[in-house]
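Every chain is named by a letter (A, B, C, D, E and F) in the order it is written, and numbering of its residues begins at 1.
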Amino acid sequence: MNIICVVAHPDDMEILCGGTLARYAQSGHTVTIAVFTDGSMGDAVIKPAELKGIREKEAHAAAGIIGAKVIWGDIVDEHVFPDAAQRLRMIDILREADPDVIFTHSPNDYHPDHRYVGQLVFDAYFQKGLPHIPGQQKPACRFGQAQVYYMDNLGGIGFSPTEYVNITETFEIKKQMLSCHKSQFEAMKDLADTNLLDMIEVQARFRGMAAGCRYAEGFTRLDAFQRGLTSRILP
Amino acid sequence: MNIICVVAHPDDMEILCGGTLARYAQSGHTVTIAVFTDGSMGDAVIKPAELKGIREKEAHAAAGIIGAKVIWGDIVDEHVFPDAAQRLRMIDILREADPDVIFTHSPNDYHPDHRYVGQLVFDAYFQKGLPHIPGQQKPACRFGQAQVYYMDNLGGIGFSPTEYVNITETFEIKKQMLSCHKSQFEAMKDLADTNLLDMIEVQARFRGMAAGCRYAEGFTRLDAFQRGLTSRILP
Amino acid sequence: MNIICVVAHPDDMEILCGGTLARYAQSGHTVTIAVFTDGSMGDAVIKPAELKGIREKEAHAAAGIIGAKVIWGDIVDEHVFPDAAQRLRMIDILREADPDVIFTHSPNDYHPDHRYVGQLVFDAYFQKGLPHIPGQQKPACRFGQAQVYYMDNLGGIGFSPTEYVNITETFEIKKQMLSCHKSQFEAMKDLADTNLLDMIEVQARFRGMAAGCRYAEGFTRLDAFQRGLTSRILP
Amino acid sequence: MNIICVVAHPDDMEILCGGTLARYAQSGHTVTIAVFTDGSMGDAVIKPAELKGIREKEAHAAAGIIGAKVIWGDIVDEHVFPDAAQRLRMIDILREADPDVIFTHSPNDYHPDHRYVGQLVFDAYFQKGLPHIPGQQKPACRFGQAQVYYMDNLGGIGFSPTEYVNITETFEIKKQMLSCHKSQFEAMKDLADTNLLDMIEVQARFRGMAAGCRYAEGFTRLDAFQRGLTSRILP
Amino acid sequence: MNIICVVAHPDDMEILCGGTLARYAQSGHTVTIAVFTDGSMGDAVIKPAELKGIREKEAHAAAGIIGAKVIWGDIVDEHVFPDAAQRLRMIDILREADPDVIFTHSPNDYHPDHRYVGQLVFDAYFQKGLPHIPGQQKPACRFGQAQVYYMDNLGGIGFSPTEYVNITETFEIKKQMLSCHKSQFEAMKDLADTNLLDMIEVQARFRGMAAGCRYAEGFTRLDAFQRGLTSRILP
Amino acid sequence: MNIICVVAHPDDMEILCGGTLARYAQSGHTVTIAVFTDGSMGDAVIKPAELKGIREKEAHAAAGIIGAKVIWGDIVDEHVFPDAAQRLRMIDILREADPDVIFTHSPNDYHPDHRYVGQLVFDAYFQKGLPHIPGQQKPACRFGQAQVYYMDNLGGIGFSPTEYVNITETFEIKKQMLSCHKSQFEAMKDLADTNLLDMIEVQARFRGMAAGCRYAEGFTRLDAFQRGLTSRILP
């Protein structure tokens, strides 16, 4: 299968979906990570022009660990809007991956870039298969596939997972991937007094307790017309 | 009364609201069907420039069966956005009909055009009665009327009707109207393996079972300030 | 039509449903008020044995104003439970009224007697039409009728009405009915620092603001199989 | 695996879960059908003492088609209560099946017996594995298993399935099983003007439309501590 | 503390939050009122160019009563959109106040300007503390503060307060502030048959009944990552 | 203030509310812990008659650490029902504490004893102040107090806290209290493969992440008539 995880910023995938993607990769599926923005605003000191390059390198390093492809959306950080231009970009991203499974941010996330990336994915997933939409760089891909799963959020605010993936076997890989984002360890410490590795340890353990395993990642499924069968495609 | 049904594409009205509009028409009310987009992207083979003309004719043919007026919104298919320009267009559409009752798509529909048409209706229904909004083609209409009802969606995903209209007497008319959309029978077969007449038969029977009649269409009401009295105006 | 309002205590009907019942009565419908408990615990000083008689008289006086019949359930106040014995009692109450419309307390009401009366009504409304249930005093009534509406609660805690009845014309009658419950004016003052007439004035005005009239009472409808058609039977 | 479906009345399983159980049976799993009441009140003419025997035979005939075992709960029809005695009965039923998967009625079902059977299952599923509960006829079974799924209801009132099982291949078997309940075809016609085979055709087609297949049955999952992993055990 | 109330139109603050802001002001906190639009469309007769000036004066007069600062957003009335330009404006407004507490409109409000002001506040509150966002007029303020509270709406449509502020002591001040908006008394009478002082009397009394005091204003809290502690900062 | 925590089993308080009660105790409030059942079924090997005594001693030891009083409900473990007899018991428990704040289990907890204890508290809290209820051992206490808070559940299944108490300073005390329940460490290991100290570490850290502190306990508030003011009484 083709798996795509569409996130707003470099490190969002590693925090919210890394163990699950590692399991797909281990099973031989094709994994694509689409980072929609350039992450250039995510530091209180380093200037955007410089930070952007750093974060793109970090994203590629992390993806390399599981052999995933990176699509770099290159939208300016903190500037995601569900408008016509970004819709075109999102449709092309999905077309490039031709996905069977899509992971993205959930609607009530605290960060506006997260919320609007999720909205753009929901808007684009139907249109990726229509051949006549003008302005697209990529040809239409399959119409009917693409189960959409929403990822957990930090602290699980208002989020009750209905799907839990057991990531006990891949939790170390998740940590390695996250560790590639060196620039964010300092930034999260300064801005939010948060240790990133500690944070994912607590969240994966908590979701694991609910699921019945040591480490888990939680998701909800976007219910949609003709996408409902129980033959789950989560690992 | 003045009834308007605002849908995204030709055939949406017939599928989700046709039996109800037929009942209004039979009772002598004035029925308007606003098709917001040109439906030009709805086929995998026929080109938009050609398809657009076909679908406009099909929409008029269907509306003609119940003597309804058609407003052709002419927004490019798959390009509905709740922005300033389309808001102006929607306000004028509502002003032209001066409605007592509005039907439109519900917020969690699977299609982005459906969701944003519903959002534009909610945004515009308050402003249709304000006389000084710049850029409008039509004069302000009545301020205080306009009950808004959301229509069902395909497969009833996440939709629990709170209102059911008995369409047993008009179900044949609903089928005739839908049958005017010849171009879509092929397209839905190709894209979604769906027979349209079969689909509305099943959906109307299912809603009828819940309602206590043979065929029904389901709706929810948009609760709003000063729009709450029980003197229902649904047929 | 036959209308029944099933409440836990004398004065509940007047506070939550009085204006609506007055409208039914004015239209010539048959109105029955079922008071499930004897109201005997509702005072900090007067003993239950004495209070019970006072409250039954007050209930009859209030019902008399709109020509309604009273069914006195005679369950001990503060002792409503959804058990087998009280289920039998409730089924007989409904059979006696053979209702087209039932009003009762909503599930999240603050008072346990209110919650369990509502639960007993939901449990009993299906069984009132089954002829072979042992232990019933009354013969089975019609099976298929009986729309159930839940009444508002004090302060509208967690209650969003979906139906509003305009009681502007009957609000004075509602006040007269409530005024018959002299024993409760003192009790509510002592226990909850509340003036009853003032309380219903505020609540009916607030619901009226939402509805678009001066005074209103709010309700929700219990959705149920084959009870869904839009031909509302509320006044 | 051990599969159990706990329903209130004979024919509930066939209507709401028959195609799914047939799939389990075809895959070689052990299927148990627990009918909690004797179904004795389900006719307007035939007396309970007689009807009870008829319905037990019908239930066994239906179960025989898929080689399922029947547990006959023998609680008097229309008399399900979540009390201590019926709790003991439900715990023993679950212990007898030692289930990996449990199907039962959902909380907002229209019928009180359905609601309370579902409540008893939720109450009992934790206690089936505790060895010291007094009064049990059966020894404790495994503690940790037992995923609970709630079944759809008639007309899908307030029910949004999150799981859909494709029953296209077993729909004929579902119809055969339901056809064994001859006594109910007449009763449902009289009481609710409903043709049972027609009803399941419409409901399974509607759920199939949402799921993306011809016939489906819909379910929700009872989320519970340590029961969350995505390795679905639905067919 | 720094308190800001961001509303769409002059008089929204007075109606929905005035008593609460008066309490903050009395306690010595710094109160800012941001009126996002110019209110120029809010009359059926007076032209926008003239009305705008009138309403700005009224807003300053009302704010003056409690010594609050006014930020005049100057977006054209009825033209609020959650786009890039208005996002920049909203970020600067929040930066100017550097708030500990933010009040704004709730998501399901009946007026589109209200809904989109609330959305812009949710979008902007994270970004007010990021120093490198281009195009801002104001320097970044504190990153971590800013509890967000949603205000009630007219008639309480679909709004269940989880926080109630006792405004019994400041209700007279709330009335005085609202009385400064002379232009709106006529407009609301004409358009919606509503007396503004009467409206706030009923709404504050109703919320007070629920809360357990004479007059109250109701709110809900926007749950967000790292903003959860119970040490409430409401008066 | 008088604080009471009503739980089903010994150790429930320590797991779900211990850090919060420790804070109350440190502030000089009077803390009561009501253990409704005897916990006698909570082991796969030790017999109920023996286990009961062990667990009562463990409960007193834990309570002693914060100087809290224990009320031993003595209902047989796994036998909580919201019936008349247990209602009387619960009313007396509340009367004995005369509480300003009540903590108890939330409605969707996985354990039936938990759910029914929560229901009994909700049923009893109104009646504790009524002087004439027959069969009570204790005199009526204050009528109007008693804010009710629901506690979190294991794994946070379907539970979104709206209140978070910072227990960073009392987390060690919470661990000491839980450590008194030696009998349960073995039992939870056997039955659910769970280390209790590890479990509360993960849950308190996760809730702390959401709240913005190191360790937190999460709650929701039961909204009720005249119990709404924002002057929170949580520590």
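By definition in this document, a residue touches a chain if its C-beta (ideal position, glycine included) is under 8 Å from a C-beta of that chain, and two chains touch if they have at least 3 such contacts.
What you see is a predicted model, and the numbers here were worked out from it, not measured in a lab.
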(request) With one step meaning two chains touch, work out the least steps from chain B to chain E. (result) 1
(request) Quickly list, by label, the chains bordering both chain B and chain D. (result) A, C
(message) Between the options B-E, B-D or B-C, which interface matches A-F on more than half of its contact pairs by residue number?
(response) B-D
(request) Just grab the chain with the largest centre-to-centre distance to chain E, centres being mean Cα coordinates. (result) D
(message) When contacts are scored as defined above, which chain pair ends up with more C-beta pairs, E-F or A-B?
(response) E-F
(message) For chain B versus chain C, which are copies of one sequence, does the interface use mostly the same residue numbers on each side, meaning over half shared, or is it different?
(response) same
(message) Rounded to a whole Å, what is the gap between the Cα centroids of chain A and chain C?
(response) 53
(request) For chain A and chain D, let me know how many angstrom lie between their CA-based centres, rounded off. (result) 39
(message) Based only on mean CA positions, could you tell me how far chain D sits from chain F in angstrom?
(response) 35
(request) Enumerate the residues of chain C that touch no fewer than two other chains. (result) 83, 154-155, 157-158, 160, 209-211, 223, 225-226, 228
(message) Run through the chains and report each pair that touches.
(response) A-B, A-D, A-E, A-F, B-C, B-D, B-E, C-D, C-E, C-F, D-F, E-F
(message) Help me check something: in the complex, which residues belonging to chain E touch chain B?
(response) 40-41, 43-44, 47-48, 78-79, 81, 83, 110-112, 153-155, 157-158, 191-192
(request) Write out the stretch or stretches of chain F touching chain C in their complex. (result) 82-84, 122-124, 126-127, 129-134, 143-144, 223-226, 228
(request) Over in the complex, which chain D residues touch chain B? Could you list them? (result) 154-160, 194, 199, 202-203, 205-206, 209-211
(message) Under the definition above, what is the set of chain B residues touching chain C in their complex?
(response) 160-166, 209-213, 216, 221, 223, 225-232, 234-235
